[in-house]
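Okay, so chain A shows up in both of these, paired with chain B first and chain C after.
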Partner chain A sequence: MTISADSETKLRYVGRSVTRREGADKLTGRSRYVDDMHVPGALTGRTIRTSIPAGRVRNVRFPDGFPWDEFIVAGPDDLPANEVALITADQPAFVDGIVRHAQEAVLLIAHEDAGLVHEAARAIEIEYERDAGVFGMEQGHVLKQLAIRHGDFEGAFANGDVIFEGEYRTGAQEHVYIETNGFIAWWEGDGVVLHGSHQCPYYVHKAVKHAFALDRDDQVRVTQETTGGGFGGKEEFPSLLAIHSALLSRKAGGRPVRLIYDRAEDMACSTKRHPSLTRIRTACTPEGVFKGVEIDFHIDGGAYVTLSPVVLSRGLLHSGGPYLWPAARMDGYCWFTNSPPYGAFRGFGAPQSEFAIERHLDRLAAKLGICPIELRKRNFLRKGDMLPTSQIVGEEPELERIVERALELSDYRAKQSGYGEGNGRGLGLSVFYHGTGFTGSGEVYLDSVVALEAQADGFVEIQVSSTEIGQGTETVFAQIAAEGLGIDIESIRFRKPETGAVPDSGPTVASRTCSIVGGLVERAARQLREQLAGRDIATASATGPVRAEARYQAPPGLVWNDDTYQGCAYGAYSWGCNVAEVSIDPVTAELRVESMWGIYDIGRVINPVLAIGQVEGGMAQGIGWATCEDVVLKEGAMQNTRVTNYIIPTSADAAELFVEFVEHHNPCGAFGAKGVGEIPLDGPPAAVANAVTFATGKDIAAIPIRPEDLLA
Partner chain B sequence: MIVSNAVRYPTYVPATVAEALEQKAGVANLLPIAGGTEVMVMFNEGLLAPCPVQSLHRLAPEWGGIREAEGSLVIGALATYTDVRHHPVVRERYPLLVEAARVTGALQIQNRGTLVGNIVNGSPAADTVPALFAYGAQVRLLSTRGERTVAVTDFYTGYRKTVLRADELISEIVIPPPADGARHYYRKVGTRAAQAISKVVVAGVRGRDSVRLAWGSVGPTTLRTPKTEAAIASGADADEAVATLATEMSPLDDIRSTRDYRLAVSQNLLREFLKRTSPGG
Partner chain C sequence: MTIRMTINGRDCTTDANPMTPLLDVLRESCRLTGTKYGCGEGECGACTVIMNDELVMSCLVPVMQAEVATIETVEGLARMADDGAEILHPVQQAFLECGGAQCGICTPGMVMAGVHHLRHPELAPDGLAEALEGNLCRCTGYSAIFRAMERAAEAGRPA
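Moving on to the complex of A and B:
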């Protein structure tokens, strides 16, 4: 790791690989996930779903042979507002007459005999009137459209430079969090209590309060249980389960209801990464100096709006890559289709569009007869350059240095000459960036708050709604708080996220937790240190807790205009480079990513071991998406809904991964931190695709890259 | 997470072979379970139609072993993949079985799953069945009416259909010794490097003047390719053999792969087989 100058400041916890707090419990099986909760008297719930992608529900039949009068049955008429509140509230919690995708909820059943519930669920018959659905992009209706205009676009393409175009596609991707979605709900008086597996307690809170038309915030209490991974898949989707479980419970007179999906149901009905289609046209000089770019970026949104507009936004904002484009015309289109809604997935649109531009640049380099690394270097963003949104790059990204280190570690130049079609080996490179936190004014709207509380037993408690989902939230926040307070980390406690009991520090998404929420934790810690004024924690809080809160404030100059799509899209950017080394089996065309190197600038590295783990996991996930993770769709719905046929890499498939960090500190992030969670997904697909083209001579334009395509 | 109703699967646990056969003859639709690595997954996922179940675990003393008899290898119905992988005689004489057991599932599956379960399950993608085809294994079937022996190559009659009668259980398989000096070839092409279902799997044995080849995942059952075998045995070169193979194999598109890929890879595998087992090689 390269450490920048100010790290000489004595830091006791930040920058050290403090052991993760919940690690031992997870490792030894002591952690309790929602399905481990023993709730006496709980009913088991189950969702009855559509089997057609479009049409109307005509009738629901409950065949003889089941004691239906013992079952709780709930549907749209039982809900005050049949809506899942998110950006808009267009998604119903149940089919409301019109079926818009397969696997959509029609009704719910519950019974105390779990086996009987599952058997009965399979027996219920739904009669439909079928309509033709819309599947795939560029048909049907546009869900959201965005445009970025920059510079003299007409001029850039008018004066006889090299014009080059290409079309790139990426497939859907399933999250495969190890724990499937689940909630347990019950009512106490006029309020509902929800325990579940999710990333964003206050999203769930908002959706449940809205669906049940509740007046007071304290009528909904959402607790996050130990969560077995999210990757974005538990950002918006759990709100639906929460509404469903709460509704069944209400119909059961408040009795607890367990609504926990098995893997097949989870994969079939839950969100996936948006499939994409990107068309790129570039203008450059014969020497490869960029003049302008035209990008049409399309994503399949599925049947409802959900988070697609913001996925489109992030995808479009990153579509030019970390390069200087004097002129740009970027158009984003998200399409309504009859697929289950596509949703948040680590990277949130950027991995799709950055695959396209990074693959395009290798193809352009081949056309120009220039080394693809050299082509990139001639156009890298530098401090003071202007992005297509008019944002000025405020730090020196040092992309040459990052790339050179990746080339050095991978021994790229020495290997290069011996590789190619002759031996089925190839090398590929990608360079990428990722904006930290919510886009544009998003962080201002979130208005996040964190609290630290010194308590009488001598502990300082961190109170945030940011969740531990395997990435290390509890540990890094404890490091930041202990550092800011100047106390032992053993005196820091992390309060289990529960709405009402912790302030709303925003959702656990968008690479914002460590950097942005962590920054608030740092501020609150420094403030609490002043309030404690040298007294020990127990003494200071003997007559009541001493509390410090910090609220988000936009960095000076961070102004964004949603109407013109101009301004500062993100307060900070992380940067990176991947090199992939691949081999292609001459008999079977099986693709193996032998090794991948990653050099990342994620600002201050708060906990090196956790950061490396998170980055390596993301690289593996990106390699999976590029090579074997193939969501087989039929009429919009996933068919391969098992871990035996949705293929993610096993440890036997995993590439050797090598990660290093370069630190350029972010003045607005926790101790200089920038976003880390998502950037690992941005680079691997293009690095792998570029390496496969090197190894085979085949012009790869889409992922996943299947042996079936390579042998054809 | 189990999404089946357990009460719909009454369970029988015979203590002796005789009792097992009586139950099989007397209880309609009785589904035997050895390792349960297929049946329990179907059950968990709600894909197993309700039926009575017969757990064979108490027959392990009689049916659990691997032994030699009259020069042949006898593998009991309850012998696991792990047993097969580690048995010294198997390791010495039947390398295709060791390799096939090694690439089946994960270690946990190998510790519970049985070779006979792999046969009786009837999947055309079974990884061990091509090896048994290549070695000319015999399947021994028992019922209260008596015993019969069927060549494994005659065991399948169609997609997941076998000659097994409703009252029969497989007690063991008998594998004759491979010819001295025979060369063995096995390769599985899966969807990933481990814990995968095959897109194509092949096992081959080449003796001085005989060739046996068997293929998985390229037809409704594990497939032999006799014309290709004959062509090779009569000295055809690789191009001829590969052309012949295409005439007797018509794989399908499915969720894992495509017809074109399966055929092309099978042809490449045949070339590799010829090269690796070449008498001069």
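Moving on to the complex of A and C:
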């Protein structure tokens, strides 16, 4: 059977706001999150953590007054391999003698009386020998270094053009998923069963199998329960809870153990967005045509490698912004410090480096005496241009059109001239891009597989490890599958992700789910349609399920060299522009983002309501990061670990958000889709900072922008 | 001491310690896990329920204060049609259509706050933004929730 090329009118589900499939369950309270699981006989676990950032554990004291013999106590010696396997396995599951950050696990306790566990955890005393520790970047050791070289960057700075420098900083950011981290584990025979809140079932699987030195894959069964937000915070971090809960359960003879963090613990010990420091030096003609750029991009990695090398990579690759740089020297440095490891957070390094370049361009425009929008337009990437990694831009990004639409919707020019500079009100703009999926050869290594299975009861089941974490995975995959199969969407169901039962479609990260994994779902659907050959599902599968699998294949020409950092970094790019309108209270200097506009090219919009929801939510997180979200660090660890003192936007703070899409379809993504999940974080900070600079005359170079920065 | 309550129209009793948060009683004793924990200190709103027609954060309410109270949780909003189909409350229905729920963890509390606001708009003279201020949502940026609430208000308005 051949499938004719889709024309817009023929599409029945793709492009439509199909209702969120698990929506009614979430709205009625039926959805089961891990803490909602009723597991009879379960013990409650608790983690005992370090209170110093560097040194050694001398002694652990269990004070009198607790029935310690009733407790399960577990530590590093109980674990076959005291390692959390990720890119490397340098992070231990428990302090391995040397304390490398505060909030590091020393041991675990469990008891059936939850109240008693919490009291006992507070009573345990740890004696230390303290070391000094390293806090902040550009000290201590480099965790990872990367370099991009392009064109004659030395020459670019040598011939009398305008040279301009700047230094930009971004703070840490806490995810504040409203559901804290949690796992419940028990052992059945020689295998462990894990239910939890996480984005990547197979990451957890790998880490648990490694830590317990298990031989067979089927000895670890990881199920994802309904997950109350992730934003990257439940990418790598949940592996620790999985190992810990599994270990307590094993010591308890296999009895179930609940390990559910309370808010303060979650905020104190979990990963955050990497703080960054970017130094930019640009060369351009007096008219503002770019000649070259030099960028030093630094991030604080914390105490262990975890995902920092790839965060550094994405940050560095996006550091030039969506502009043509004929020459570039870009150096990235990730630093070891004695902070809890920084980790994945929506945007993965790109929001940090794109803040820097977009703020730099407004400052450069002021120096040149050119309108910042005009400066950008003179240098926008166009089809056929070369990126610093030698990748040729394969589509017309139409950035001018995107920007013009944002200006028009926001009434930018009229408002800006009406407000005038320095009067407490103003607008600012940012332009940005985001590569879809894993960087470079990452998607090839992931080797993702999806399966669709026609089953005897008349349903087609989608089997993937890609998780629904609020973004709408189940819904968009059902749309894509129904469209590809040419059947009613009601006949599609989504198998709850469970390792072993679903193939490994890779992690739910990097804006890859809808576009890349969705593309595999589309292929599998078309293939299954051929296999069904016109028969109805129940008839075709009467004697057994009919199954179609699709495996990732790199698009032709997608070649990447990890050694030279040259080649195609991403198979597709999404593009966007934000305009922020801000006001500053003349007395209190309170900064308010009144409105934000966002125009995005995310390729085909599979489901408008869900896509707008993704974008609006991301914009709000970006606004929060730029304004009120201030992680207060003391010796590397977060101090304001409550929602009362770490402030995320409330409905009363919420900016009015306006979103539109421009569609350039990606030939390799599901029905033309590109990445959507992360690009919303790339633009808001610089748009807000540029607006604040206009409104106050203060040269903003760091976020979050605190009232005291504006009063000074 | 036994504490009696009416939850979603049903009489319930609990022998829990009188200082136990109502949230824990709902979730653990009554197995009504629709009401969520987010912070345990009255700041996130995930645990919001309606008690005696007032909006409360159930994590802050010692269960003894709920003695003989009438409590409404998210589980009590939808109705069943004669044919067995579920009829969502207008607020739930509007959230479903407008994308007001993403990860869903703030949703039960948010929906209860929304239902309460439609009953008592006078308590929030500045409107929705004020009415929902006690309920944090990290996924939506609130815009879709506002749209949903406007739609629910429309639906509830007599034609």
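What we mean here is this: the second predicted complex is superposed on the first by the 699 of 712 C-alpha atoms of A that agree within 3 Å, B and C clash if a C-alpha of one lies under 4 Å from a C-alpha of the other, contacts with A are read in each partner's own complex, and residues count from 1 in each chain.
As a convention for this text, a contact is a pair of C-beta atoms (placed from the backbone, for glycine too) under 8 Å apart; a residue touches a chain by one contact, two chains touch by 3 or more.
Because the structure is predicted, anything quoted here is derived from the model rather than measured.
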Answer with first, second, both or neither: which of chain B and chain C does A:I178 touch in the superposed model?
second
Looking at A:R122, would you say it contacts chain B, chain C, both, or neither? Reply first, second, both or neither.
first
Once the shared chain is lined up, is A:T644 touching chain B (first), chain C (second), both, or neither of them?
both
One more residue to check, A:A652. First (chain B), second (chain C), both or neither?
both
By residue count, is chain A touched more by chain B or by chain C?
C
Quick check on the superposed pair: does A:V632 touch chain B, chain C, both, or neither? Answer first, second, both or neither.
first
For A:E590 in the superposed arrangement: first (chain B), second (chain C), both or neither?
first
Which superposed partner A:M619 touches (first chain B, second chain C, both, neither)
second
Touch check for A:P707: first (chain B), second (chain C), both, or neither?
first
Could you say whether A:A24 touches chain B, chain C, both of them, or neither, answering first, second, both or neither?
second
Residues on chain A in contact with chain B in one complex and with chain C in the other?
35, 180, 262-263, 642, 644, 649-652
The chain C residues in contact with chain A across the complex are 27, 31-41, 43-44, 46, 73-75, 77-78, 86, 88, 92, 95-99, 101-108, 111, 128-146
Applying the document's contact rule, which stretches of chain A touch chain C when the two form their complex?
17, 19-20, 22-33, 35-36, 38, 175-180, 226-231, 262-263, 469-472, 609-610, 612-613, 616-621, 642-644, 648-652, 654-657
Of all residues in chain B, which touch chain A in the complex?
1-8, 44-46, 187, 189, 191-197, 255-258, 260-261, 264-265, 268-269, 271-272
Under the stated contact criterion, what part of chain A meets chain B in this complex?
35, 113-116, 118-119, 122, 180, 260-265, 586-590, 592, 628, 632, 639-640, 642, 644-645, 647, 649-653, 707-708, 711-712
